[in-house]
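Presented sequentially are two complexes of chain A, the first with chain B as partner and the second with chain C.
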Partner chain A sequence: MNSRGNGSALQIRDVSKTFTDAKGRLVHALKDVTLEIAHGEFIVLLGPSGCGKTTLLRSIAGFEEIDSGTISLGQMRLDQMAANRRPVNTVFQSYALFPHMSVEENVSFGLECEGLPRSEIKVRVAEMLDLVHLTELADRKPNQMSGGQQQRAALARALAKKPQVLLLDEPLAALDLKLRRAMQTELKRIHRATGTTFLFVTHDQNEAMALGDRIAVFSQGQLRQCGTPAEVYENPADEFVASFIGESTSFTGLVMDGILKFEELTFPIPRYELSSVSVAQIVVRPEAFSFETGEYKCGEVTIEETTYSGDSIEVIATLRSGKQIKIQSPVEILSALKVGSRHDLYVDPLRVRILHGAVADME
Partner chain B sequence: MKRKSPFGPSGVSYPALTMGLLLIGAPLLVVSLFSFLKRGSFGSGVVYKFTTDAYSSILIQTNLIGQHSLNTAYLSIIWRSIVLALSVTVICLLVGIPTAIWIALQKKSVQKILIILVTIPFWVNVLARTYAWMLLLADKGLLSQIGGPTLLYTNWATLIGLTYAFLPFMVLPVYAVAEKMDFRTLEAGFDLGASGWRVLFKVLLPTLKYGILSGIAVVFIPALGAYVQPSLLGGNKSMLIGSLINDQFGDSRNWPVGSALAVLLVLMTIFALGTFKFRGRFGRSATVPQDLGGVE
Partner chain C sequence: MRSTVEVRRQIPSVASIGILAIAFLYVPLMTVLVFSFNRSEDATVWGGFSTKWYSTVLHNSDLIRAAKFSLSLAVPSALLASLFAAGLAIGIGVVHSRRIVLLQMLVNAPLILPEIVTAVGTLALFSAVKIPLNFASLLAAHVALCIPFAFLPIRSRLRDLDPAIFEAAEDLGASSRRVMLRITAPLIIPAVFSAMLLTFIISMDDFLTSMFLSGPSTTTLPLYIFGLLKLGVSPEVNVISALLLVIPTVGLLLSVVWIRKRGK
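Then we have the complex of A and B:
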């Protein structure tokens, strides 16, 4: 059912939106955002609060008007259409269930708007409640249900309309960690079962990695990078993406003969043929570093802090200038990593990432 | 773990109960009793002798030669009171609900100020406020000076005065519910394909239902028995049930009829409450979430 790469379902082209904030300043909520989403894809819009991801979702839903650009679904222009006519449906962060209606009434609301015959509504509602495992609670009012159950009801209500794209606005944010994990699994199951295109907004990078076929990373109204979770993690487009998705340390320095020098450290830059003298910015994930011999030796660092986290140790080491480096190390060497002691630092050359566009000739 | 009251589980309700019995129950009992008694000689007080004369005199009049006929004087006053109270309630609904919603949509700090503004009229005595309206509506008053009609001593003046007085009683309960409302549900309504009217009647108003019902109750009931505004603004030409009762105890010196009218007013009020299916806040919180555990 999940048919990726089957032409794009939702096309977002050069979409911009500005608004004036409370202090009268002009804020770019969205700046020339272009994004194509395939049929049946599970795409996650990721970014910190205020980055524009929710504005984009609300623009697709029809609750916000865009200043320029187009949003279309196949041949259909969405951005000119009223919200109640767009073939997309939303799962709200607050769930926004109708408090005076039972779960069943909530789910049938959208179908009644379409004027479907009673008998068909009944069948469709039963089908949806079964899909989200809420059949037993059909008569409950929203305030008689837990957060997770309300979440499922909201999902069923939106999916009952058989939307072309399901928009999910931080739907798991209000749930506790354990429930959130369970709901993530549920969402994936429901996505597979329905084959609907899911557009999911979150600020939680772990959630984005766990759910998305692709992740679109936003910052300050701009789309920074869009790719599979592995792509954005392994090959971040810029420092923002690198720091927002997972931990990393960035180094900017002079590159000579495939070696980048940063203070007392050196890094190998194997994949790039750079001009003899240039400046490059690289990012290194904590797990790419190691205190054990064998790989490329960067130099010597001082252990500043170690945090034991069960399966590994998170280490913060410093250079002489005070620059901090995040390192992940196996637990076996915890006893050796005394705070204040000096250690050789090694790096896996294959996991040193040069940021796109960060290479520039020196003045 | 429950903390026990030294007076038993219902001990805390004793003061309220005492107040209720003393200030509401007892007077009601006295009034009901008086309505079944005979008018005293010279019109003052009552004679302790059972009779239903008071009620029959409201409905039936006897002319000088002893013929009985339906007395429409009282009935028309009661009817006029109901129509006026209903009009006041409808206007308060039409003005009060949008006002309450608009306030609830403002920032929290602005909301507080607006609610204070709504309650400011309460700081001034109702008589003073009503006299102010007399000045505005009188012949050569502000309204007629700017070319408007002279409304004082008409039903219109009463309607304006009552609406003005009771509007806050509609705004406040509706606001109390609207303030807690998740306005995203309106977006959800549109999102699911509903028209504006559908969102209004199937989502917005049902969500505000309890506030609106409370508002109707606290506007309609006092408006029905209102005394100050009808007598000051409406004059004697358009008497309402409130002023009528006052007259029976005052000028007319007919306590039993006054009591009977008061009892009728209470019965009408109870009937009105029944019609509105008023359940207040008690009906709503009766259902306690039973299963707040995990989903799995």
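Then we have the complex of A and C:
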């Protein structure tokens, strides 16, 4: 069961799951989800609550039965297997440490289930406690430890089994911001040290960006996009991904000769080859806009609100129709950005993104 | 929202009601304790301090027999009822949401039903199917009486536990047997002990069910005390009551201390 070196990819094929909610309505928790996760990868499932990411994690762990599709690990079909036989282990959001056992007993529990000899268990537990820096607290009960320490214990307990895939269900959600940052760094270190595949569920996009080799974005039971943090941020597959990861404003309009018109604004879209007339939806990140000359001039906007945030200013500007645009600007020009004043708006042409799914050829 | 100052101003009057309630509860108990040390032949007139009725009681063989019988009934009643209740509470945990409410109501209903209904019903059932009234049938009735009481603490303990604990155990490779032995059982043991204590006292104290279902050879302590009263209030009754007050109280306090220690 050693995961190092001989691990195989986790394949999720056409997985669907429906359930009936409290009001008797049919809910698609997962809809034809297909995802392949390479051995040793750190993948983050990201999405708002109820998007299906936790259901997928629980289906891999074996706590939920899927309606159709397959989940396999190399040649091994997981979805037909009992939860206690799957070579994957979970770190729970609530940590779920056994309250009547010490840290050491918690970590050895899974190894005792395997029937390993005492001496080997002792060695492996010591190794794991060392990995998560809990050696000194081995005799503590869970309620004598801080949240961060319980988190480490839960991690050690799951990793002690040397799982092929470690499933982490929003494990940092209960920690305060500072501790969460520290644990993110810890998790990356432990990921590197063990070489295990990590599948991490979160609703926090910053956490996803910080941790994931790849991010799989979910919404309403569907996988919207899967890619590296940079891919997902720079080239969002649809409006949902664009708005969920980072801030952005979307514009839909007619494209003619590489120029998209939206109300009184125009946008250059040279990076994409479109037929002479078509409708397109574009998204622009706040930092791609600017109030300074030199780039492409879109048109004029009215400043509606400015928020000072230390290293930049978040601006909300409006068009005549009332459409709001989010803009990020350097702090130096704060004094010029009076509410109600009108300013020229510029955009970096290389950072205007066409959403793949939204291009409609009218010919 | 009322300010704390305003609420505090009302505390003296609220507190006096509380003191009255406590007095209401404990004055009769104190009376029985005091009168158990009465020298007088008359149970209700004070005639000076004496422990002579204690020695009378402890030498009353009928009384000792009744007390022993009650103990021999209460111990297995408490054990069996708590065992059944633990099974019930664990079983109910795996039932899906809406049916849980119905099941819980079914288990809890006897708590609010008049005991006399259950007692009459049990007697009717026993005579209909010709079950003789002996120790076994009385034990069965006591177990049935105790199950709902035993269920309460165990169920509430299980409900307070994070359900992810059981998933975690399974996730780590534990069979359902191992989950039961290593996780569920140790975690509910304090609650099972509370259930045993509670049901032990309920069985020891029970009058109605025993009254309806006792045969010639099955006189429980409460039935014996009731029999004594028929001959007039004997000072012995005060002594027995005092003992019944002090022994379980001390036992209860000790066990609460023990459970607190374990539960942590």
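To be clear about the criterion, the second predicted complex is superposed on the first by the 352 of 363 C-alpha atoms of A that agree within 3 Å, B and C clash if a C-alpha of one lies under 4 Å from a C-alpha of the other, contacts with A are read in each partner's own complex, and residues count from 1 in each chain.
Throughout what follows, a contact is a pair of C-beta atoms (placed from the backbone, for glycine too) under 8 Å apart; a residue touches a chain by one contact, two chains touch by 3 or more.
Note that the structure is predicted; figures quoted are calculated from it, not measured.
Placing chain B and chain C on a common chain A by superposition gives a clash between them.
Of the two partner chains placed by the overlay, neither chain B nor chain C lies in contact with A:Q324.
Touch criterion met: A:A182 reaches chain B, while chain C stays clear of it.
When the two structures are aligned on the shared chain, A:S146 is found in touch with chain B, with no touch to chain C.
Applying the stated contact rule after C-alpha superposition, one finds that A:T228 touches neither chain B nor chain C.
When the two complexes are overlaid on their common chain A, residue A:S68 makes contact with neither chain B nor chain C. Of the two partner chains placed by superposition, A:T34 touches none, neither chain B nor chain C. Once the two complexes are overlaid on the shared chain, A:A96 sits against chain B and chain C alike.
Touched by chain B in one complex and by chain C in the other are residues 61-63, 83-85, 89-90, 92, 94, 96-100, 109-110, 113-114, 141, 143, 157-158, 161 of chain A. On chain A, the positions that touch chain B within their shared complex are 61-63, 82-85, 89-90, 92, 94, 96-100, 109-110, 113-114, 133, 141, 143-146, 148-149, 152, 157-158, 161, 178-179, 182-183. By the touch criterion given at the top, residues 182, 184-185, 187-195, 198, 202-203, 206-207, 209, 287, 289-296 of chain B touch chain A in their complex. The touching residues of chain C, counted against chain A in their complex, run 161-162, 164-165, 167-175, 178, 182-183, 186-187, 264. By the touch criterion stated above, chain A contacts chain C in their complex at residues 61-63, 83-85, 89-90, 92-94, 96-100, 109-110, 113-114, 141, 143, 157-158, 161.
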